[in-house]
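The following pair of complexes shares a single chain, chain A, combined with chain B in the former and chain C in the latter.
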Partner chain A sequence: MIHPVPPGTRDVLPDEMRELRALSLRLHAVFERAGYGEVWTPAIEYEDVLRRGDESPPEAGLRLFDDRGQVLVMRSDATIPIARLVADHYGGVPAPLRLCYFAHAYRSVERGSGRAREFLQGGVELIGVPGAKGDAEVIALAIDALGEAGLRRHRVGLGDGMLYRTLLDATEVPEAQRRPLLEALWRRDLVALEARIDALGLARPARELLVTLPTLRGGPDVLARINASVGAALDNLREVYELLAERGAADRLIFDLGLLRELGYYTGTIFEVYDPAVAFALGGGGRYDGLLGRFGEPRPACGAGLDVQRVHLAQLEEERTAGEGAA
Partner chain B sequence: MTANGVVIAIPRGNLFAGTLDLIDGLGIRTDGIRANERKLVFEEEGVLTVRPSDVPTYVEQGAADLGITGKDVLLEQRDREIYELLDLAYGHCRMIVAARADADPLGEPLRRRGVVRVATKYPRVAAEHFAATGRQAEIVEVKGSVELAPVTGLADAIVDLTATGRTLEENGLVERELIAECTARLIANPVAHKLKAMEIDGVVARLRELK
Partner chain C sequence: MIHPVPPGTRDVLPDEMRELRALSLRLHAVFERAGYGEVWTPAIEYEDVLRRGDESPPEAGLRLFDDRGQVLVMRSDATIPIARLVADHYGGVPAPLRLCYFAHAYRSVERGSGRAREFLQGGVELIGVPGAKGDAEVIALAIDALGEAGLRRHRVGLGDGMLYRTLLDATEVPEAQRRPLLEALWRRDLVALEARIDALGLARPARELLVTLPTLRGGPDVLARINASVGAALDNLREVYELLAERGAADRLIFDLGLLRELGYYTGTIFEVYDPAVAFALGGGGRYDGLLGRFGEPRPACGAGLDVQRVHLAQLEEERTAGEGAA
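Let's turn to the complex of A and B:
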């Protein structure tokens, strides 16, 4: 007799679990060594508390009621609960705070989509270090952690969550017309994006910029391909690049000016982590300078999260291809 | 290494011939693909031939870096994590609501039963279209010969793809509403889009010239 588990969840048996545990320990060791202390937050929180962090968390789909009729949600990421934790326990502490976590997160998925409803995230949050310096520290740590996990070909796609909005300002696209453009970009539908931009009847340079920017990705030379109208965001990206280059990580970086992350709280640098062995991002993160303020503790912050099971897949694939290379 | 440094999933079916003509222009040798109906993987050419509705799956999962399929397929599978890069402007079709020519099949059932029965291979597109236009619809999913549904009384109307309208006509159906114009599209895996940026941009530039 089969006793089903909900779609998007699964059991883990000892052979796989042993590897997942070993991987988590290796990642954790890298985080601890860099001064990031591990924290634990509840898997369920009050919905109205988490909503302070993100008014419409896109995938926070699992809700329940407690015995007093309060709405509880299963956390859909670790960052908002940690912002709450910082406000609750470290209020008024000005020194930089370095925290890490290993925890399951939950989201709603469509039946048959093959996506995980429950997934294990390991990551770091750096609170109180603003700008490129903080961004670079977190990205370098993610790169190191993956190297420690045995990955050799991982790359980081680097962008800015506000870049396209800044560009919409600079090209003076009317407020009411922006949403359809951002939605097309969001759905990665560059055909619809171009059609909607064309419908605006903009001057040629503005049109070109809006169409081209989401397709710009590659080395530092891509930054030279757009003009000064989005200057500050680009200066920051350039600085992150320089700082990471000093740490010898330049060849891991891909500028990706069209990058968008699904969570709504990012205010600056965003990034995603890839490995050629795996067809989906292994993790990502970014800067969220506005989030802690929503919990009454305005401080700059940024973080990175890795999907441990996806990193494990990349690890297996690296092992396999390394074996082939040797043979 | 394949011709363009990428693997492309292309659709067997109505778009097949047009797609092969197009990728000839990418320097991919298609004579072997044209000659062999049963073989599905052409490693040397970097081509997979799959069902049109499976193209997004192969691309999303990374079995192919790029894919070509109809916009109808992409509309139905809207939450796939893929890039839609280019309108290839061939394989033009219309996604439509059609019903029998001899009655008022949308008005009458809606007024008296409160709901219209719609047969389709595109349940999601159909449901969204009727919801967006404020009508309640009961969607009946069928796998083929959708035109049969109104004729046999299985449904009041259909949502389907039509190129010439000939099949509709032969079954006594007429187009009532246009939902979307559909053409072939180039799609990409999001990770390949970053890690093989140069190769993919090369293909996109060539296809922009060719289309």
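Let's turn to the complex of A and C:
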């Protein structure tokens, strides 16, 4: 007799758990060595507190009710609760703050979507270091952590969360028309994106810019292929690249100017981490200079999170592939 | 501006988290060395699945609703989900199964009660080893783990979850009168217990037995002070004592014949772990031979769970006291 667990959750048995624990310990050691102190936030929080940090629809979180009828929500990411923790415990502390975490996050998912409702995240948050310097530190740490986990071929897709929005400003796309474009871009549905752009009836140079930018992926030369004013984003990306090149990590980077990430709080550099052995992103992150201010503690910040179970799958797949190569 | 977290939950900052992680690793190493493989069960499960293992009222768990309206509940202990996991993944496997876990559990608590709504448990479950042999293995492991955590003065209170119930049978207390007696005993309210027993109007020897048994605490001689047929419980406790004496752990044991534990599934030996430096139990456990059968996989089983944050507080208090002693 099998007793089901909710869709998107699963049991982990000892063989896999031993590997997941070893992997978490390795990632933790990298973060700790870099000066990131681990924190824990409750798995359940008041929804109205967490909503300060996130404008996404409430269906995203799993909600429950307090004994007084207040709405609680299970943490659906680590960054917003840690922003809350920083405001509560480190208010007015000016020095940079380096925090890391290992915790499960919970999302309500559609049945049959195959997405995880419970997933283990390990990551870092760097508070108080603005701009490319902070971005590069966090991205380098994610790259190091995956190297320490035994991955050899991992890459970082690098973009800017405001880039396309700035372009929509520059090309004067009406506010009401923007959301479907950003959603198509987020889904990486470039066919739908192009159709929607064509329907706007823009002048040719504006249309070309909006259609071309999401296709720009590759080395630093792609930055030279934009002939439009998109603010400081490109300068910042160039600087991140230079700083990571100094650390010997330039060959890990792929500029991906159409990159958008799910969470709504990113204000600058964003990135995702991949390994060629598996089809899904292993994690990602970005700069969220506005988030702490929403908790009354305005400070620049940048973070990275890895999905530990996905990194584990990439480890296994890399080992399998290496084994085949040797055979 | 402070943004509150729900009562009974708390943030853990890096200094404390470092110590909690080190403590968890030590406990985990003891369990793993003894052959206990770590498992993970989802923090949320279907309520009707977990209710198979527990008849306690539903308020005990934090409940939430699925996208299809099914009732989910956050895990409120580790043992029932692991019994479910064993039935799902190890059905028909006859060999003893040794599993351990480190996970937070969640309970709804009354505001102002000071009790934790979110607490980190580390523990073991030994499946398929019946009787005193299994009990002694689990209790020895709990004692070793606390020693490894740096405690020096910890003690185990040892009783039997069926002992008082057997006595209520033997003294022919009507079924309907038993619950308030067991509740008073569970609260350790011996005054209320005695008053309720007196109200029953029992014959003097029966009354004496019911009033005296909960006061019997101490070395193995207390077992000789019961002149009544209470089934196999006393023989089993004697055997557990002998087995632990062979392991050199006899001086850790305190018989506590009035011990009752909160969870309803215990069928034999039960125990709680204490340290004189702190006023609360650090953990406990017992034998639950009926639980796996409720999931269709009848097997004897016994487990122990430690509250990691409480063990940590005992560590700190022991260090402080040792420091004072040296000064």
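The definition used in the following text is that the second predicted complex is superposed on the first by the 322 of 327 C-alpha atoms of A that agree within 3 Å, B and C clash if a C-alpha of one lies under 4 Å from a C-alpha of the other, contacts with A are read in each partner's own complex, and residues count from 1 in each chain.
Everything that follows uses one rule, which is that a residue touches a chain if its C-beta (ideal position, glycine included) is under 8 Å from a C-beta of that chain, and two chains touch if they have at least 3 such contacts.
Model, not experiment: these values are computed from the prediction.
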When chain B and chain C are modelled together on chain A, clash or fit: fit
Partner chain in contact with A:188 - chain B first, chain C second, else both or neither: first
Comparing the two partners chain B and chain C, which touches a greater set of residues in chain A: C
Touched partner set for A:223, first chain B, second chain C, both or neither: neither
Partner chain(s) touched by A:254 [first = chain B, second = chain C, both, neither]: first
First, second, both or neither for A:157, with chain B first and chain C second: first
First (chain B), second (chain C), both or neither touched by A:5: second
Partner chain(s) touched by A:281 [first = chain B, second = chain C, both, neither]: first
Chain B, chain C and vertex chain A (Cα centres) - angle in steps of 10°: 100
Smallest separation in angstrom, by C-alpha atoms, between chain B and chain C in the superposition: 16
Shared contact residues on chain A - chain B and chain C: 110
Interface residues, chain B side, partner chain A - complex: 60-63, 78-79, 81-87, 185, 189-195, 197-198, 201
Residues of chain C defined as touching chain A within the complex: 1-6, 9-15, 17-18, 20-21, 28, 37-46, 49, 52, 62-68, 70, 72, 74, 84-85, 87-89, 91, 99, 104, 106, 108-111, 117-118, 295-296
Touch list for chain A against partner chain B, complex: 110, 113, 155, 157, 187-192, 215, 217-218, 254, 256, 272, 274, 276, 278-281
